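Okay, so chain A shows up in both of these, paired with chain B first and chain C after.
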Partner chain A sequence: MRRQYLWIVAAAGLVGSVLAARGASPAMAGAISGKVTYTGTAPKMKPIDMAKEPSCAKQHATPVTTENVVTGPGNALRYVVVYISAGDEGASAPSDAVRYDQKGCQYVPHVAVMRVNQPLEIYNDDQTSHNIHPLARVNSEWNKSQPIGAPPIHTTWEKPEFIPVKCNVHPWMHGWFLVLTTAHSAVTGEDGEFSLKGLPPGKYTLTAWQEQFGTQTQDVTIGGSETKTVDFVFKARPY
Partner chain B sequence: MGKLFAVVVAIIALVSTAIFASHIWWLPVDISAHGHAIDRQLTETMATSGALFVLSQLALAVFAWRYGDRKDGRAIKLFPGGATPMVVFATILVGAEVLALTFVGSKVWAGIYQTPPDPNSLQIDVQAEQFAFYFRYPGADGRFGAVHPERIDEGSGNFFGLDPANDTTARDDIVVPSLAIPINRPVLLTLRAKDVNHAFYVPELRIQQDFVPGLVIPLHFTATQVGKHEIVCTQLCGLGHYNMRAYVEVMSQEQFDQWLKERAAEQ
Partner chain C sequence: MRPQPGWLSLVSACGAVLLLGGVTPAPGQEAHIGNVTGHAAAGKPLYTRYCAGCHGDDGDARGENAQWIDPKPRDFTLAVFKCRSTPTGTLPTDQDLFDAMTRGFVTTNMPPWLPLTPHNRADMVAYIKTFSPKWKTGKPGTPITIPPEPAATVASILHGRELFQKMECWKCHGPAGHGDGPSAKTLTDNKDDPIRPYDFSSGSRFMCGVTNRDLYKIFMTGLDGTPMPSFADDIKPADAWDLVHFLRTLQPLDTPEAVIWKAWLASHAGELKPIGPEGNGQ
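== the complex of A and B ==
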């Protein structure tokens, strides 16, 4: 009985590795693309007045606003992170670093996506001191001061987590670190569109996360070298 | 050596007094209705303590000039009864001066801080946090929305913890990081602190008041000159204390109405 069981496991392993190898070949890679939009009335973003920090204020030709709900033409939603939340775990983290800037007293990009244990480099490009404070709960929380001209902070995150980021010097500064296990993720641009490429055939759960509206999930099956279209629609409230 | 010391002491005393007496280094312009009382009190304090300072320094210089080079080490004359009565006498003299200044000064202070605000004051809510000030005007309905500290979320610009989804009075509240006030109109600020102690200090308004977490502290004044001045925090409140500041702009009533209208449109 035990012997039989081992055979089944070995056979399943063989089939699995063959499938994985096939899936890795570009010819069989699928893709998911789509658009994230909203219905209803989106909240109006509040203006950010940087008068107390003139070196930052002068970097902005147009008025800066909060970025927790950024919309585009055709009810598009920007800064939505679309990622594979089930069906794509285990790949090791890439060694290339994710860059995160403090520029004009804002976080650029507003939402930074990285993998567990992927290097993260945080730069202060401003002529003022910042004190970056990722409000981690699952990972270890820290805050670090970065005076003018300080070298970048090199760090990594050990566990998957969505971490809000604030500056302890400039209360209006707000951003996100999204630490994911999947290699497949995208942040929507102004047009709300996203595209996940290089997906081996399989069943996936696709999640769209928006910092104020929460998450939505959809199941997607990729059969081969096909592109599935998946759209997400969030319900917006003005307040 | 004694004569050189006497000359140096006399020069230091006279030059430093001259700097204050000639107002080379003096208070900034006063733009408040109550500021003259503070300035008068400061002047009286400076004059009294300045006179005592000059007299004592010159006395020191005279004695150093006259007796500084004596080699015999003999006392010139003893205070009646010796050292103890002299210390008691000096303590009473200085104590009486300090107490007198305190009584007169606290009367001036109480006249500003302990009097009720004008019932027609323009009320503005102030939130201090590491390391910025935020100001809230009640909007078109003339009412402030309730504050819920647990709802404070700087990332979405909710610095006061308002709940516009459920509280309609909060929807038109105008929240800005700089203070604008109309000239010659009484203003009532209500000071709140989100995290630690801070202070609201505008030297030109002759106003300095601490923020204390958990307390809502009223502060009232009337500005009498148009202009823009710095509001600084004068309580060491953490790493970014040096950078905690905002601006107060005193403007005409028409300019203020226009300013408030523009800010309301941005909300």
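== the complex of A and C ==
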């Protein structure tokens, strides 16, 4: 009797989820993809000397440099955040956490994107103490020590803001928390490419942000299940 | 509550009607220090007279004297404060601001404002809170709980010394607390201005008070806006007192802790392992 009841529940659940999937009509979701590149001369990143922190220095086989402007083949720009800055607000934050690591005395990833009120977990994977100091202005600035083997720091951000992050003990450590309202964002990889999927038909403003070169915006209209191509070209200044 | 003359009650009643009509008072326009209530409107002329020269008319640390001052005056528009009883990332209590104003900031251009009446100072606290919207949207943090201080012993000082090594305090404050650790010269505050770590051998007062309790608060709340982080997640309250006891031995003062420590060191100095990159502080 009990077993039979369970089967009925399971069957109902299956039908329900199929209906829900149809309701979302994936056929009507569009996408935006493209590439971010630069013209001109990109600044040369500065070498980082970790000699004062041997436990970190030995984790790097190749020389480590600053990451303000990271380029790839074909003038590609890495760590550019492309996101919907208008036309996609109001969705509630996902409950899955964004992970941010302090590893080899660097922030991994260099730029982390998260939503307003989305859980953020900060780990210290190093054999040295770090202090994690998000220099928030709109949100609250705080500064916490995270010694060797300390548990992750759990936090959230209440308001959208681009927050620089630094470690005062290791002054070369520099990263970003990008707190967004949109569910649609991407960080470009080494090839400079990005892709935003699952966009309902509508008018959007697409913004590309690079920490040193600033922002660019383009308006995009998604009519149906199409994929629009949008490229961004930043003018690089060597200094 | 003071007895109010009849006409004042009438004015209050009119005010209440106005409020109901849609005019809301700006929150954060009052400050509560014990029994004293400060009012921003009364604080404004005092601020203009005593504070604006450095902190600026708009509280943005751009007063006409600011360019000559190092460290720079506090920027009240950020609502980030060093000396708090509340956790890192939270607003200070009115009492915290009142105490900071009363005490002044040693080794800076901020003098103690003790000569002004408590009421004047409470009014100024209320006015300072009008410079940032954070006082309207947020509330002060809950002050941290500080257990009673146990007596300092050789054991507590030794344990504090271990923590000084383990928490890597020496990275900035130096192995002997001289403010000369490997990271000391690179430190900057939240406005990218250079800032020095405290040199315990200077014998000067701490930034946020002179008592052991003040010292406890400094590292358990962090000095927000500076490189000094909060250790509240990493040091248990009982252990924090041990660190306080050790830090007191770094000062060139005859503190009770220093007396105990010197007596012990006279016959045990050789047993200590060095503090620093190769040491383990035991």
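What we mean here is this: the second predicted complex is superposed on the first by the 215 of 239 C-alpha atoms of A that agree within 3 Å, B and C clash if a C-alpha of one lies under 4 Å from a C-alpha of the other, contacts with A are read in each partner's own complex, and residues count from 1 in each chain.
The rule is short, and it goes like this: a residue touches a chain if its C-beta (ideal position, glycine included) is under 8 Å from a C-beta of that chain, and two chains touch if they have at least 3 such contacts.
Here the structure is a predicted model, which is why all the values come from computation and not from measurement.
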Chain C versus chain B on the shared chain A, clash or fit after superposition: clash
Which of chain B and chain C A:R237 touches, first, second, both or neither: first
First, second, both or neither for A:K44, with chain B first and chain C second: first
Contacts of A:Q212 with chain B and chain C, given as first, second, both or neither: first
Contacts of A:P152 with chain B and chain C, given as first, second, both or neither: neither
Which of chain B and chain C A:H170 touches, first, second, both or neither: both
Partner chain(s) touched by A:K52 [first = chain B, second = chain C, both, neither]: both
Touching partner for A:N68 - first (chain B), second (chain C), both, neither: first
Contacts of A:N131 with chain B and chain C, given as first, second, both or neither: both
Chain C region in steric overlap with chain B, selected from 151-159, 169-177 or 241-249: 169-177
Touching both chain C and chain B, counted on chain A across the two superposed complexes: 52, 128-129, 131, 145, 168-171
Parts of chain B lying in touch with chain A, wherever the complex brings them together: 129-132, 154-157, 159, 164-165, 171, 175-178, 238-240, 243, 245-247, 266-267
Of all residues in chain A, those that touch chain B in their complex: 43-49, 51-53, 66, 68, 128-129, 131, 145, 164, 166, 168-172, 174, 212, 237, 239
Partner chain C, residues of chain A touching it in the complex: 52, 54, 128-129, 131-133, 135, 137, 140-148, 150-151, 153, 168-171
Residue ranges of chain C touching chain A (in the complex, touch as defined): 78, 80, 88-90, 134, 138, 166-168, 171-172, 182-183, 186-188, 190, 222, 224-234, 277
